[in-house]
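Paired with subunit B in one complex and with subunit C in the other, subunit A is shared by the two complexes that follow.
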Partner chain A sequence: MSLPAQPPAAAAAGTAARGLRAARARQPRADGEPQHAHSRGQIMAVRVIAGMVILAIWQFGAMAFAPAYIPRPSRTITQIPGVLSDQQFLSGTASTLLAILEGLLIAVVIGTVIGLIMGRLRDVDRALRLYVNSFYAMPIVALVPLLTVWFGYTPNARLAIIVIEATLPIVFNVAEGARSISGSYEDVARTYRAPWWRVWTGVALPASLPYLLGGLDLAIGRALIGAVVAEFIAGLNGIGYYILFNVRSFHQDDAVVAVCVLIAFALVLRALINLAVRRGLPWYRAA
Partner chain B sequence: MTQPRPSTPGSPAPGSPAPGSPAPGSPAPAARRRRLRAPTGRWRAVLAYAVGLAGGVVVWQVLGSHSSSEVFVSLSATLSRLGQLISDGSLQSALTASFSVYAVGVALAIVTGAAGGLLFARRALLRLALEPYLIALYAAPMVALIPFLLALMGFGFWPKVIVVWLFAYFPVQFNTQRGAQSIAPELIDVARSFRTRERDIWLHVAIPYTLPYLMTGVRQALARGLVGMIAAEFFLSATGLGSLLIIASERFDTAEMLAVTLVITLVGVALMAIGRLIEARFARWRVQQ
Partner chain C sequence: MTESAPEAMIRIDRLTKRYGERAVLQDVSFDVAPGEIVSVVGPSGCGKTTLLRSIAGLAPPSEGSVSIAGREVTEPAEGVAVVFQHFGLFPWKTVFGNVAYGLTVAGMRRKDAEPRVRQLISLVGLEGFEKSYPYQLSGGMQQRAGLARALAIEPRVLVMDEPFASLDAQTRDLLQLELLRIWEQRPTAMVFVTHSIDEAVLMGDRIVILSGRPSHVHDIVDVGIGRPRGREVVDSERFRVVRDYLWTVVMSNGAGQSRPGSADEVTRAGDPPSAESAEGPGPI
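Then we have the complex of A and B:
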């Protein structure tokens, strides 16, 4: 990283470190410093009020200045039950979310394998780095038109873009993790004459896991963007296309509900990953 | 509630040593260890880079010349199509259209993001009240908002600028805010004990302290803005590089798609290198803790 002040582990596995830091920071806030601390109830109240103010501004702004088809909270709320029981919405949402989960799974496998190889074998790293870096620097959504030519206007094109989007940050982070393994671990492994595959699976892989989850955190956002762009271009059944279709047919309130579902999905997935880092990777503290 | 990622692991410019790889004479323990195990010369590194580059070129060329032209074309065919695009001027006009949107959007994002970050760092109530909503928005795939923008604002230059802004704003704001919130209290104390005026505290302490963080945000904004630019050109009024791609895909002109993608990749790599350079330049100002 270009920030020498930060230890590389913290820079690369930002999520993991952030989760731990947040967990540690929460301790004193919960029980100390009465002059600065607000109670949970107060904080919630402020947030709820702020949310109401935002909705009110949106509501009255839309009523005063915008044409009737522009969504407004009062109508959107009444649409929620209708949208959530709409067969088209349900099948579209299920199709998109399953594609994203499937794509993330494929990306984790491919990304971990490539990342480990790049992190452990320096010659391979040098040979491949040009391509990984270039693809990581470019907007992957630019590949969607090409992928629709290769895969047709099918869900496979969407899956392909999800996998590409999600693989890159995982490769990057896992390689970083495999590179930064403490030398003493390798020394111990070599002292006990561990075969190379034991070193890879027993030392390199667990050491890279927090980095993998940091990469997965980035991958979720990218995968969602890729999926929505693919659905827009290819007109695939999915939550992105549901949004597009309903905006175009002047049912924008329905589309707002779908956007909220999409945001909720992103937040839940990322929260799960944070939880996994905090609960499942106790050795990360030592790294 | 999680803070947004402070810094994404970006890609180092090709050719420059990656983080963790041993630069010659680097004192990093990892580097020393690796050199002991596998003594490698500079020639070996160069060879590996060359093999990687040559391998890619050969694979592209061979794959391209053995598949039908709608599916994949060779590197030489791609480059000759690129030459045509340059000589008839369509690439230049696309680049101009794309990067006027991009430049205005990213510039707006940097200005508003820096201002928003400072404001949020100074006003705890604002932070308390609005942060969860901003984080939710940050997690939202912004492309899903493009249809609404189209309905509200129609086709034109400014809706596309807004898309780029939406993509690029949040990293600038969050990083600036993080920097401004972390100003070491002893710096302010020293300034105050010398009876420094508020204006000078801002000018000589707060802003210089925050700038390295802002620049991390700028680097991320440069990358995300590019995604916004392409998405905006796909779905709003089709101009620039995005429209070249869409039109080429409708004609099954794979050579043109590959040529434009190559240009986009080069631009992306160049922008990342610029962002990294800016960030590294200001990183010297970072206060060591």
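Then we have the complex of A and C:
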């Protein structure tokens, strides 16, 4: 059986905006081409089978080649109820995930403002682009030790790293979007004598929204990295620290459960954004 | 002329526009009276769009001036609406939002704008599509919305930049007649840029022919066909005469700009490039 659920577009990593688009292209569409017209049920079935195969490889691989303390699905699954009812896990996870949401929110606001300014004011763009690019290219987690000195071993250090991690791809993408706005939209706004602020809010911002969403997609991943690394280094209570602590106290299966929770969180967040896009920005697919 | 020297609604006075060293328009002058439609034709790349952008206040003249109702245009003027070739609808706004744009930008509340917006949407035949987004509409319907948006501000001057050029032939014919019908209800000074000779004759009271590089006014033709106009106009003798004259002028101008003996190339301009044409710089 082939894997029809994955069109070639999904393979092209490209920009995040394209990635998001590809993700949506996988949704069944009324006007979809016949070769992609598989029911949701079939797609799910293929996914479940693939997941079982991966788990089986892991299980038997670990049994055949790995020492007994290496986690394997059969043991990890039995740990799920215990981990999910562990008070320390719950409070740590809540603290991490809330920090990620808060950081993403701050990053969206800051990143959109800076990105729009860079994308629309050529002088600002020229002045800042090199620095934004180099910041974007560097591993931000290298800043964690510095931030722990500046903010102390507090959740503020974690929030700071999340914000920095998440802001950069948003700045980058929104600036790209604002730069590439079709001049004809601006002409329209100008012929109707729109004041400058209406051009920014009414034309530049909505026209950059697809790029903002692409940046947000990247930002989620980076925010997770920042949060977990900050907890590793600063020893802050959170899901990252929970993982570290359990690995070091020989509870590797519990750590794997926590890792899976992180994965699930990222997937749910992206799915929610996708849903919001389809509900709130129906024009976006065609734009 | 029954009226004694009517004040021009649009006055283009020795307009010259340069981009860097290159002049696109040179000493272009003509007037448009209130309620008059002036078509502008000329070979592609002759600066028709630049002319429109100057009238719309989007491209300041290098020399000379454009005035609307006696006021020199230095920025987009009030009461001037542009209909763009590529519609220029905002994809994130519904038909209603797009048509209402000029009104809301002018400070009108959505609620107050609603009656007029609805009236215009029905005038252009888009009832029932108020909540549709541009991507859900055909090209013809998008341009209907673009037209409604322009008309919504009750413009004194309508600037049409090849508004039907990107539509299929049938839709174009239909919309031309609809535009004439709408215009009859409320005649507005209009500059109608087109590359279609037939369209220029059908729409215009007068036709400005641009030619040369940089472009100047080669001739201004009185169409001399009464209004209201309908489909039957194209079968009239006068229509044929004016059209044939325009063809002769525009074609001879077009040929005059290329190398000698290029009349043949003009007729072949639409052919796909073949292997033989690889022998040096071909026709542009």
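Basically, the second predicted complex is superposed on the first by the 220 of 287 C-alpha atoms of A that agree within 3 Å, B and C clash if a C-alpha of one lies under 4 Å from a C-alpha of the other, contacts with A are read in each partner's own complex, and residues count from 1 in each chain.
Everything that follows uses one rule, which is that a contact is a pair of C-beta atoms (placed from the backbone, for glycine too) under 8 Å apart; a residue touches a chain by one contact, two chains touch by 3 or more.
This is a predicted model, so every value here is computed, not measured.
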Inset, instruction - Considering only the touch criterion stated at the top, classify A:Y136 as touching first (subunit B), second (subunit C), both, or neither. - result: first
Inset, instruction - Mind working out whether A:A276 is in touch with subunit B, subunit C, both or neither, as first, second, both or neither? - result: neither
Legend entry - Which of subunit B and subunit C A:V203 touches, first, second, both or neither: second
Inset, instruction - Check whether A:Y185 is in contact with subunit B, with subunit C, with both or with neither, and answer first, second, both or neither. - result: second
Inset, instruction - Once the structures are superposed on A, label A:L262 by its partner contacts, choosing first (subunit B), second (subunit C), both or neither. - result: first
Inset, instruction - Identify which of subunit B and subunit C touches the larger number of residues of subunit A. - result: B
Inset, instruction - Could you look at A:F172 and tell me whether it touches subunit B, subunit C, both or neither (first, second, both, neither)? - result: first
Inset, instruction - Please work out whether A:L146 is in contact with subunit B alone, subunit C alone, both, or neither, and reply first, second, both or neither. - result: first
Inset, instruction - Kindly classify A:R193 by the partners it touches after superposition: subunit B alone (first), subunit C alone (second), both, or neither? - result: second
Legend entry - Where subunit A meets both subunit C and subunit B, residue numbers: none
Legend entry - subunit C residues touching subunit A - in the complex, by the definition given at the top: 53, 56-58, 75-76, 78, 80-82, 84, 86, 88, 90-92, 101-102, 105-106, 133-136, 153
Inset, instruction - Going by the contact rule at the top, pick out the subunit A residues touching subunit C in the complex. - result: 184-185, 187-194, 198, 202-203, 206-207, 209, 281-287
Inset, instruction - Spell out the residues on subunit B that touch subunit A in their complex, using ranges where they run on. - result: 1-3, 5-14, 18-21, 29-30, 33-34, 38, 40, 44-45, 48-49, 51-53, 55-56, 70-71, 125, 128-130, 132-133, 136-137, 139-148, 150-152, 216, 223, 226-227, 229-231, 234-235, 241-242, 245-246, 248-249, 252, 254, 257-258, 260-261, 264-265, 267-269, 271-272, 276, 279-280, 283, 286, 288-289
Inset, instruction - Quick one: which bits of subunit A touch subunit B in the complex? Just the residue numbers, please. - result: 1-6, 8, 11-12, 14-15, 18-19, 22, 38, 43, 46-47, 49-51, 54, 66, 69-71, 122-146, 148-150, 169, 172-173, 176, 179-180, 183, 186, 214-215, 217-218, 221, 224-225, 227-229, 232-233, 240, 243-244, 247-248, 252, 255, 258-259, 262-263, 266-267, 270-271, 274
